[in-house]
C-alpha cells in the first residue's frame, strides 16, 4: 500500500485544510462576533493545532486508527467505535457539502441554476471515495501550490481595499459574542478528526508532531489574515457576504479594465475546495471499510450508496441551509470536539503500544 | 462467472451512460439555462419614488449585429413601477422577455425625491443580491433618475457611460467629484456614524450638431422637431450628504473640493485665489489631507491640509516671463490658505448643521475607545470642537 | 521439427516446401572440384550482388573438406552462422539472409547478405530543432542503434535484441546503460516484451500498449522520440530505450509528463530562455485546452467571465447565428479537426489548396453567411495553434479539449473545474515502472524541479533525476 509522505501531511494541514474555512464561516462570524471575528477563529485554530499535535503524536505508535482502538478497547468495541466515527465524519461532511453547493450555484452560474448543476460533484465524489485515502497524498502535492497561488492572488487583489482599522475596538462583541461565535465556528474545524483517519497511512517521522502543528498554525495565520482583510473590506456589511473568498478581490482597480481576472484564483481555490469537501466522506468510508471488512467491491458500493444518499439529502435540504447551520453549527456543535479532541486525547491516554506478534 | 463479468464491466457502462447524459445536456441546453442571447445586460439602474413604491428604470445594452462597422454601445431604457425593486425587475422581465442580469450594472442613480427618504429601502435589494456587484457606482441626480438615464448624452452612446466618465480616476484627482460605491455607502450607512455621501449629478442641455444643422438649414427660429431629443451634458461637482440613509444636504463645489482635499485625493486639481483684483488659478501638486479625532477632554476634530501648489494661470493676460511663470507669490499662498481654510470650515458647518458625520468621526471614536463612545455618542457632532490647519506651499 | 540431412535434393525440397512463395528462389552451382551447392534466398530482400561476391564467387574455387567450418572460412561475408533446423533456416531466408546447402552435409550456412532498404537519415518533421542536432531515427533498427552507439561510446551501453510478432518477427532493441538504468525496470520491460503475443508489430506504438500500466488510458505512459540525441540523453538519465524495427519512433520508459514540455533545444540555449519557453508551452497548452470551454461556459452560464465590452462584442457577433454557443463552438472545432486531419494526409500540393479553402473559403464565408461568429473562429484558431506548442501530446490534449468543451456546454464552469479535478487525480495516480507520471510535481521532488518546467544551468544539475532512482546518481564531476 502506498504511504502518504510527511511532506504531504504538512501540505494538507498548511494549504488544503484552511481553504474550507474561508467560504461561509467569515460571514457567519461577522454576524455574531462583528469586528472581533478574529478571536473565535484564533481560538479554534489553537485548539485544532493542539488536536493535530496529539493525533500526529499518536501516529508515532505506528498503528492505524482502527488498530489503536482495537488495542485499547478490543475488537468488537473498536468496530463499533470506528463505525460511529465514520458516521460522525459523514455528519461533519453535510455542512461543507451544502456550503459548497450554494457556492457553486452562486459563483459558477449567473442565474440560479437547477440543482442538477451540482450533481456532477457527486460523480467526482463517488470516484474519489472509491479510492483509498492513502492514494491521495500526491494530490496534496499539487493542491498545495494551487492553494497558495489562489490565496496569494486573492490577497494581493484584496488587501489594498481593506481598512484594517475596522477590526477595532477589540472586545466589542463581549464575552458572550466570543463564546457564541467560537461555538459557531466549531463545525468547520475538524481537521484533526480527518487526520485521525489518515493514521497508519503515513509513517511517523522525527519531529512530525511539531512540524504538523506548525504547518497548521501557518495555515491558521493565513486564515486570520484573510478574515482581517475580509472584515477590513466589508466591515458592517460583512454578514451579507456569503462566499467570502469570492467577494474580496473584486474591488481591485484593474478589474474594471481586464474583467474578473480574480476568477483565475477563485477557480484555483474552488478546485482545492472540491477535494477538501470530499475528504470527510472519504474518511467516513475508510472507517466503514475498517468496520465491515475489506471485500473487493465494498468500497465502490459504499461510495456509490453514500454519495447517492447525500444527493438525496442535498435535494431535500435545498432551501434549508440556514436551518442546517442552525442545527449543526449552533446546536450540535459540541459533537465535534468529542471526535477531534476527546477521542485522540483518550486514545493517547488509554491506548497501549502495538502488541508485537511473532 | 456471468455476474463477475457484469460487475467488471460496470465502470465501462457507467462511463457510457455518463457520456450520453453529457451529450444530451450539451445538445439540448435545457437546464433552465439563461444564456447570453436571452439576457438583458443591465448597464445602469435608476430609482425614483413612485406612488406604488418605486419606479425602476434600467438601461439595457443592446448588442450590435455582426455587420457593425463602428464601435460604441447601443442601449435601451426600460422602466417599471412596483412596490419593491425586485417587483420592478420582474415587470421588466415580463415586458421584454429578456432575463435582467445585474452582473454588469455599474451605476445606480437615485432620483432627488427618492433620496429624501431612506435610500436603503431600495438599495437593500441590490446589496443583498449576490449577482449585483457592490463595487457599482452610485449617485443622486437632479429631478427624476429615470429621466436622466433615458436622456441622450452628448458625449457617449449611453447616458450611464457618460455619467460613469464623471467618476473616473482622473476626475477624482481633479478634486471636483467625490464618487462612492454601493459597498462604501452601505458600510457608512450601517456603521455607527450612519452618514454617507453620494455625488450629485446635474444635466444641462446641449444642442446637438445634427439638430443645429437642421435648424440652420430650415431657417426657422431654433425650435426642434418633436422626434429630436436634446443632448445632455452631465456634471457631478456637488455632493449629496446623507444621514440615516436620507439626503440631508448638498455640498457645493467648493466644499466638495475641500472634502476631496481632506481625503487626500487631489493631484493636479486646480482652484482659484485672488491676487489683488486678479484671479489666479493654482494647481495642487501634492495633497496631504486628513481628519483626526482627539477626545481629551471633549471630542475635537482636527482637520489638516498640507498642499504643494504651482501657479497654473492668471486671469489677466500677462507677458510670459520665462522660468518664473509657475512661482506663486507669497500673497497668493496666503490667500489660498485662507480660502482653503474657509472651504473646510464651511464644509464642517454644513455637516454639523445637517447632522451628517461625513468624516466618520463617530466611527473613529468608537474604534478608539468604547468608553468615550458611550459617553459622547448621543450628542457627538454638536459637542465636537474643530481645529483646522491648512498649509499651502509652493516649490521654491 | 526436421533438420538438414545432407541429401541436397531432399533438403532443398524440404526448405522449398516450407517456403512455397514464388519469390523464394533457389540457385545451384558447382565448385571447381565438383561439390554441389544450393542457395535458397528471398529474391526481393536479398542483396544478390553481395551473395554473388561473398558466397558464390568465394565458393566456386572451394577445394577443402565439405564441412561447415571449412565452407565458412571461404565465405567472405562478415555475418555468417550455421544452423540445422529447417524452421530456423526458413526464418533466416524470410529475413533476407540466404541459406547455403551442399551435398553430404547435415548443416547449412547462413550468410548475412540481406538487402537493407533505408531512407537517408533526415530531420524528423515533428521534432525540428533550430539549434542542436538534426539527425532523426529511420525505420531500420541497425541504423538506429548505430546512431546511438555513435553517441554513447561506452561498453555500459547494452543493446539487447528481442523478437516480437509471430508473423512479423520484428526486432526490438532494448537499450540501456548498465549501472545507470534501474535493473528492475530493465527486467520488467524485457519481461513485458517477451510476454507480448501478437502476430504482427507494424510500429512501435503497438508496443506502448503492452508496456503501459493502464492500457486503456487516454494519457500517454511511454515516452517517444524520433531523435537519437534525445534518446541518448534519456538513456543517460537512467531510462530504458526501445527501438522497434520498422519504426522511426523510439520509445523510452519510465515516462514522465514533463518530458514532453522539454525540447532538446532547451539544453542548447541559455537556461532562462529555456525556462521561459517551457512555461510558454504549458501556458499555450492550458489556453488551448481551456479557451473554447471557458468561452462557451461564459456565454451560457457565467457572463462575468468576459469584460463587459468584450461581452457586448460577442453578443453582437452571435446575434444572428442559428446555433447555440456550445453547438457553434463544437462545429468550428470539428471543422478544424477535419481540416487538420485532411491536410496531414493529403498530398502536399492538394494540402496547400485545402488550407486556402479551409482558411479563406470556409472561415470567411461561414462568418459572412452567418453560420458561425468571428470570435468563435478566433478562439478555435488560437486553441489550434496552442495545441501544437507541445506536439507530442496532441492526441491526448485534443481529446481533452473536446471533453472540456462538452462538459462546459452541458454543466458549465463548474463542470470544467470538476473535469480538471478528475484529470489531475487521474494523472497523479498513474505510474509506470514505479515512476509517477506527474513527477517531479506530484509526488514533489524538489531537486528534480530544476529540470522540469524550469531549467537550471547545467552546472546546477550534478545528479540524475531522483525520480528515476538511478543507482548511478552523479552525472557531473
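Just so it is clear, A, B and C label the chains in written order, and each chain counts residues from 1 on its own.
The rule is short, and it goes like this: a residue touches a chain if its C-beta (ideal position, glycine included) is under 8 Å from a C-beta of that chain, and two chains touch if they have at least 3 such contacts.
On a predicted model such as this, the values are computed, not experimentally measured, just so you know.
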Exercise for the section: Kindly work out which chain lies most centrally, taking the average of its C-alpha atoms as its position. Expected result: A
Exercise for the section: Select the chain at the greatest separation from subunit C, using centres from the mean of Cα atoms. Expected result: B
Handout entry: Distance from the mean Cα position of subunit C to that of subunit B, given in whole angstrom
Key = 63
Exercise for the section: Please report how many Å separate the Cα centroid of subunit A from that of subunit C, as a whole number. Expected result: 45
Completion exercise
CA centroids of subunit A and subunit B: separation to the nearest Å works out as 40
Completion exercise
subunit A residues touching 2+ other chains are 110, 113, 117, 123
Practice task
Would you give the residues of subunit C that are in contact with at least 2 other chains, written as numbers and ranges?
Solution key: 301, 303-304, 308, 411
Problem - Multi-partner residues of subunit B (each touching 2 or more other chains) - result: 33, 39, 101, 103
Problem - List of subunit C residues in touch with subunit A within their complex - result: 301-308, 310, 411-415, 417-418, 420-422, 424-425, 428-429, 436, 438, 441-444
Handout entry: Contact footprint of subunit C on subunit B as seen in their complex
Key = 22-27, 29, 33, 35-37, 39, 41, 43, 61, 63-66, 68, 73, 101, 103-104, 106
Completion exercise
Within their complex, subunit A touches subunit B through residues 106, 110-111, 113-114, 116-117, 123, 165-166, 168-169, 171-172, 233-237, 240, 242-243, 250-251, 253, 255, 297
Problem - Interfacial residue positions of subunit B with respect to subunit A in the complex - result: 7, 18, 31-34, 39, 99, 101, 103, 127-128, 130-131, 133-135, 169, 181, 183, 186-187, 190-191, 366-370
Handout entry: Residues of subunit A defined as touching subunit C within the complex
Key = 5, 7-8, 104, 108-110, 113, 117-118, 120-121, 123-124, 127-128, 131, 135, 137-139, 141-142, 257-260, 263, 267, 270-271, 274-275
